[in-house]
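Provided herewith is a single structure, encoded as structure tokens, for subsequent inquiry.
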Amino acid sequence: MQPFAPQHDDKFHEECGVVGLNNHDLASAMVALGLHALQHRGQEAAGIVSYDGHTYLSHHALGHVGENFHANSMVNTLKGYTAIGHTRYATSGETALRNVQPFFADFDFGGFALGHNGNLTNAYTLKRELVKRGCIFRSTSDTEVVIHLMAVARGHDPVARLIEALKQVEGAYSLVAVCAMGLIGVRDPHGVRPLCLGKVDDSYVLASETCALDIIGADFVRDIEPGEVILITKDGKITSQFPFTKADKKFCIFEYIYFARPDSTVEGHSVYEKRKNIGVQLAKEAPVAADIIVPVPDSGVPSAIGYSQASGVPFELGIIRNHYVGRTFIQPTSETRHHGVKMKHNANRRFIEGKRVVLVDDSIVRGTTSIKIVEMIRQAGAKEVHMRITSPPSKHSCYYGIDTPEPTELMAHSHSVEEMAKIIGVDSLAFISLEGLYRAMGETGRNDKNPQYCDACFSGDYAIRLTDRIANEGHTDLSYKHKASK
Amino acid sequence: MQPFAPQHDDKFHEECGVVGLNNHDLASAMVALGLHALQHRGQEAAGIVSYDGHTYLSHHALGHVGENFHANSMVNTLKGYTAIGHTRYATSGETALRNVQPFFADFDFGGFALGHNGNLTNAYTLKRELVKRGCIFRSTSDTEVVIHLMAVARGHDPVARLIEALKQVEGAYSLVAVCAMGLIGVRDPHGVRPLCLGKVDDSYVLASETCALDIIGADFVRDIEPGEVILITKDGKITSQFPFTKADKKFCIFEYIYFARPDSTVEGHSVYEKRKNIGVQLAKEAPVAADIIVPVPDSGVPSAIGYSQASGVPFELGIIRNHYVGRTFIQPTSETRHHGVKMKHNANRRFIEGKRVVLVDDSIVRGTTSIKIVEMIRQAGAKEVHMRITSPPSKHSCYYGIDTPEPTELMAHSHSVEEMAKIIGVDSLAFISLEGLYRAMGETGRNDKNPQYCDACFSGDYAIRLTDRIANEGHTDLSYKHKASK
Amino acid sequence: MQPFAPQHDDKFHEECGVVGLNNHDLASAMVALGLHALQHRGQEAAGIVSYDGHTYLSHHALGHVGENFHANSMVNTLKGYTAIGHTRYATSGETALRNVQPFFADFDFGGFALGHNGNLTNAYTLKRELVKRGCIFRSTSDTEVVIHLMAVARGHDPVARLIEALKQVEGAYSLVAVCAMGLIGVRDPHGVRPLCLGKVDDSYVLASETCALDIIGADFVRDIEPGEVILITKDGKITSQFPFTKADKKFCIFEYIYFARPDSTVEGHSVYEKRKNIGVQLAKEAPVAADIIVPVPDSGVPSAIGYSQASGVPFELGIIRNHYVGRTFIQPTSETRHHGVKMKHNANRRFIEGKRVVLVDDSIVRGTTSIKIVEMIRQAGAKEVHMRITSPPSKHSCYYGIDTPEPTELMAHSHSVEEMAKIIGVDSLAFISLEGLYRAMGETGRNDKNPQYCDACFSGDYAIRLTDRIANEGHTDLSYKHKASK
Amino acid sequence: MQPFAPQHDDKFHEECGVVGLNNHDLASAMVALGLHALQHRGQEAAGIVSYDGHTYLSHHALGHVGENFHANSMVNTLKGYTAIGHTRYATSGETALRNVQPFFADFDFGGFALGHNGNLTNAYTLKRELVKRGCIFRSTSDTEVVIHLMAVARGHDPVARLIEALKQVEGAYSLVAVCAMGLIGVRDPHGVRPLCLGKVDDSYVLASETCALDIIGADFVRDIEPGEVILITKDGKITSQFPFTKADKKFCIFEYIYFARPDSTVEGHSVYEKRKNIGVQLAKEAPVAADIIVPVPDSGVPSAIGYSQASGVPFELGIIRNHYVGRTFIQPTSETRHHGVKMKHNANRRFIEGKRVVLVDDSIVRGTTSIKIVEMIRQAGAKEVHMRITSPPSKHSCYYGIDTPEPTELMAHSHSVEEMAKIIGVDSLAFISLEGLYRAMGETGRNDKNPQYCDACFSGDYAIRLTDRIANEGHTDLSYKHKASK
């Protein structure tokens, strides 16, 4: 019996969060807290591997970190001074325990555990070759390719074997790993996904976002650089190398718009501040005469505050979110299905009646949720409903670690903004411009020749080769999904 | 293994929500949706009883509605055209299934199921007599007293038997019940707890708050009156009576400050609007030179918006709430315990640094949470921290259905505001005045001779007799807790 | 999902086993072991209540004792020096936790827990009166009537209240109970069900059968007498009284034929020895020329040994029992259902081929199992199949604690032995005579005026009044089943 | 929390049972029934893989077949016309789901699932090489070696790949497998473990024992030959080959003594008949003046019947077995631990008192159980206790698929029969002679130069090379246990 998870209905989904920590008596408990802070990056499953110098212990579970990792028992079951953890989003068919990371393997040099945020774009191509060589895969995850590439690599240095493996992969990856040599962190040459370094007492911490440092009281040290491989030994010595071919940085701009937590500082920028700036920019680009600014909770709130401050139109909670929808079995029957949106949101009816409302949301995917929310606001008696979106139209799929529908399912792929406004039922609809988005980020504008960020989902400019997608065109090999999630 | 629920650490807790619905093919599924909307009124357990004209079916479970009531299966297991439901908060020792409502009994006249929001103040006294008479109690809940009083009452009319029973009880109660005669709703003569009537298609709905009407698409009809007993027959005929001695209305003012959902309309007032008014009044009573207004999420948000709009100081999300804390097993060990507050909240560090911050919160109970939040804001680099509380100081316990600590545990019971400010560590602390609170409610002021609301937790003016508390003084009879929760 | 329990398909079922023990540090663990030894007396559910001088603790569970009562954890959860336990068979509709004994109630004099083996024959009549008086029943068990009768009885002496209650009931009962006064044991005036007293170290033990004494190393002291009420105080003082009107002893003869374990000594007789005697008697009454004697496992084994020794025909395991069928979810679909018998039994084909086989079984209920077993033996190649039954034909229902189908479902109720032989498909069929059964028990014959045992299921001579059955004739009150099982 | 499984305390354990079936609508349900009949060959875990021509579906579970495989749901979840199943014994440390068979792998030629009964004696040596080559193992089972050897073999014919893999392994194996080509059965060249072929309607069945054919109504066709590889295509065509170097047959003689079910016919012999013959031979070799022959249930029963018939001393059930001990949580605390034996067995005290008793058991492993049983019989009042064992002394470990303790733990390894008698506490002790055992099997005697059976556990004559054991001597490589169980 699968729980009904309405929050997945019509959103993009970040696919993973990773945490690693060394030299701490309570390493696994600390990692669990860190994963809890990164729960928004992947809510379907989580895993932790700990290492005590001799033995690797692990626990993997479907569901939220807080439901499956009990600090008291972890102290006994996941012993060790080093631990890495992973939290993951997965499309429903793939929600099997065998796909839950970190992955572990017993190599000739000893044990090695790995957690991966991102997506490899040539995993299928590599897997096909590895299977021919006699490798037996146990998961459908692209990350397992890295493990097998390490297995067939040479030498007895785990880090060298990892690097040899990674030199063969393409795509986006921020990795944490643990082996007898210590705690390892890696970011792909383009630095698509975030990874930062923190410190608490004598322990170093690797984490996808700074909010995972905050929860355990760690201080931010620095971001891991694109293309960097960092090794932290048990005694706290850090060695760093840049073994890959140098590439242009292409950090995912959507992390600022939607994925990262507003209290995180990512690549030197406060996410909350950037999100407010986007609201300010949007107010400039697409002003509208209105009575109230209403965020679609919760992602729209910071931008709506920015929009309100820039426009002078009051910010009000016109939509109330039910905080108990995380995981629910009130699976709508066909008769009750139309309550889906209302299970999560309710219009603040008495405050909306007769008002001109500006709804602020982060994106429009298929448009189904927007249609229902606008309908709810209209039923509550709004005089006018305007919608302002804090990202440019989402026209393309992401192959670098975000779960997006096929382009044909994206409303903006085949409809103009005017058509979308009509379908959604608003009096006006506006998206921030791509140029404006870069300005809100503090740039003077987008460098169209070599954009400062990865914005492929808006522009279609894919900076990293899509080997599997090309290889797969015209293929009907169904045994492997080229966009395996992690 | 009990989950760690940090959100209960230092808050008052509403104790119940009730829903009832008649004449609907999917009665139990609709009631489950209603309970889901009332989840904030009681998160520990929930139950539903359905009736199909012949058989009463029930399901009771510990935990959230959404985790235990599956709409698809309910259609098969909780059949019937009428259903009532109950969601409940309970102190840990009392979290047993036998205490989960609705209660059901087979009387000589047939079956009868009952759900209760509120607390009876003479239950212990009555129970002692009933046990002497040969009654066998199976729960520790005060509500079971009503069932036994009905059992020993005379006649074959269930409603008359219920009224005869209720004439003997004192305290606060909003009830929903179902029997062969139909769906029943009752409010105590003082109307301490809310109960409203709605309609969807040909079905009538009874619910604690209007947000439970909204989720199932029901229109608000009217509030049930204090002292009213309403019977809705299967064919939709409504009969109403007022069988109790008339009393002054004493609606709980804390419902507006904290308990009710901001999208609910309670006793004719928008909760969100009243909460904003309180913020406006507070800004007038206790202004302060500051850079940002920061709500303590989530209850402080509407008042903080009001305070910001009245003062002109910008409203900012300076504290980010982790939405995945509903139910977590990351039980802090003694070493990790200090992460407790951070599991729920994180300071938006980059936005707070160097700022003069006004924190807006709804109440101070023991003060423990406030201390930690202020410490977190200071660590984030705030220049000044001021705290504004949207209720008067909480000096007294509630005996009418809200779980409050003993008065000696209430910080305001034995400390002046100045002392509290020092302990909490703020540069200034202010509570709204009792007089100001009534003004924010739209009154010209508090009628001290006969206050318009129940404000006993602030004033100590208990309008309803506390029979058990008086009877119990000097007693050491431990087998019955005089403040049984529901 | 209900487990498939093929062993219930076509057997009579004893309904309960009880155990009580006082003055032991591990009272509840010892009681669990005792219940485990009595598992054959009731496999659907079990419960234990312990008492430590202040608090009553309990655990009730559906399923086998061994699956639900963990000795290590019981020491912590079911603390106390006195404990009573109950294991129970239940018809499927009644398998609800609320019906699992021991029952507990908080009286004005304190707590009282009660476990019952047997069945009351006027429970429905009493219940109807009690409900009219205002009693609220929570189970469908007849035993709860005793609890309510105690509640409305007078005085502060629990034993006196229990006796006052029991004076009003009719039927069969062997009871164990615990209250502040000590451990209590009772047998009804006719002594229909067994109950014995044992001793281990300084602890007294009450148990349905001696095999429950053996497992905990207790020595047999004596049987509790019909009509006896025994109280064992904490310091080991025993007081005995006979407060009921004296009656003739009517011990259930079926206990010897089938229910009791062969290693138990019941009412002074070795069950195994009596069962062998029955086989010997049967060989005399119904000899047959044959090659092998084959018991239907496991109940037929001792009688088959007796039959073999008396007849000189070799005893062989012609049917092998699969010992893993206790509880299985291999629920036959309609296509696999015909494997039902084979899941439990398999013919020892190579040993049966070409042989003249005498099958020895304990009884024929509906006949369905016998038909399948004979078919299996024939398919295995037997030349002749004869069946010998170690009880007289079962023509009547039991109302004293054994779950029997309605008489119309009993094959012997409406068929002659010749007809039965034909339907079952055997070359010959013979039952032991009622007279022969008494002789095998060591009597000179049956005293038809006042039989030495209760043999109502064979003779229809019901020694105890069937008040409910008479009251219920012509009734359609379905809310109470007059033969509630326990 | 691990269940207490007293039946494992002091017995040898067969390690697996396998079943395969093709061309049946209910293939997986039929396989589950077959596994249920083979439950005695492995009680810790079971798995089934089904194949519908396109997809492989699997379910693996710890525990009994009957508790985990629900025929009704299997029809929906384990669809397909072919299925194989495996039931397994495992030492406690190895009871992990990842070790539960059948194993499945996705090869370049497609899927392949494999179930194995037996043990490979060079698995560790092969694994070490495979890991060096880059293979990643996920289980600790020796069977996974076969999968990896197949992966690195060449060609696109699954059967040829399997044969190429098996040519590299040494040891004992009876295999069932399924792939797109059909259902496969294999027996190692020595034929150490059984495997037979049956037919029901148009389906062929492979099973470890004939009792698995009986339960699904299949007729026995023939045994698979040592060294035979059989392929059964979907349309029922059978092809057989003998690709391995020819070797002498060495069927495990212990299968007749203890492992196989008495209703099975193995390698042409009725197990029950052979077991009785052993009893007859034992009565001749080691007669004793006695009053009763008592089997230690349940394995001693057929031999005790043989002994009784040969000696004329009556066979009696002097020990009663509790049938509910399959799986119990009544984990003895140190105080209750001495009840361990009694939880399973109880002396039939009233029948043993004053008698000279001959106990018949199948083997003595560590001797601990024998000591307790003799003590129990003495406490029950036996005048003399003699013990007769239906196997020669167990002095050596098995490396071919039976879980045996290290030789130093075997009582017979370092004690004479006289010493054992003294330790166990019997008046006399005798084992059948090795020569006598062969005679009971129908041989004229043991061919010491080339014994007709594998009797290594008695004689120390290991017919198959013990490569891993030799390689491992002096080794401290703990990461791989050379006697991995399956």
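All chains are identified by letter, namely A, B, C and D, in their written order; residue positions are counted from 1 within each chain.
In this section, a contact is a pair of C-beta atoms (placed from the backbone, for glycine too) under 8 Å apart; a residue touches a chain by one contact, two chains touch by 3 or more.
Quick caveat, the model's predicted, so the values are computed rather than measured.
**Student:** Look at the interfaces A-D and C-D and say which one is made up of more C-beta pairs in contact.
**Tutor:** C-D
**Student:** Counting only Cα atoms for the centres, state how far chain A is from chain D in Å.
**Tutor:** Each chain's C-alpha centroid was found; their separation is 51 Å.
**Student:** Could you state the distance in Å from the CA-based centre of chain C to that of chain D?
**Tutor:** Chain centroid spacing, chain C to chain D, equals 37 Å.
**Student:** Enumerate the residues of chain B that touch no fewer than two other chains.
**Tutor:** There are none in chain B.
**Student:** If every chain is a node and every touching pair an edge, decide which shape results: line, ring, star, complete or other.
**Tutor:** ring
**Student:** Spell out the part of chain D that touches chain A in their complex, as residue ranges.
**Tutor:** That would be residues 105-108, 131-138, 147-148, 151-153, 479 of chain D.
**Student:** Taking the complex as given, what residues does chain A use to touch chain B?
**Tutor:** Its residues touching chain B are 1, 3, 25-26, 29-30, 32-33, 36-37, 39-40, 43, 64-72, 75, 211, 214-217, 261-263, 265, 270, 272-273, 298, 301-302, 305, 309, 314-317, 320, 322-333, 335-336, 338-339, 342-343, 346-351.
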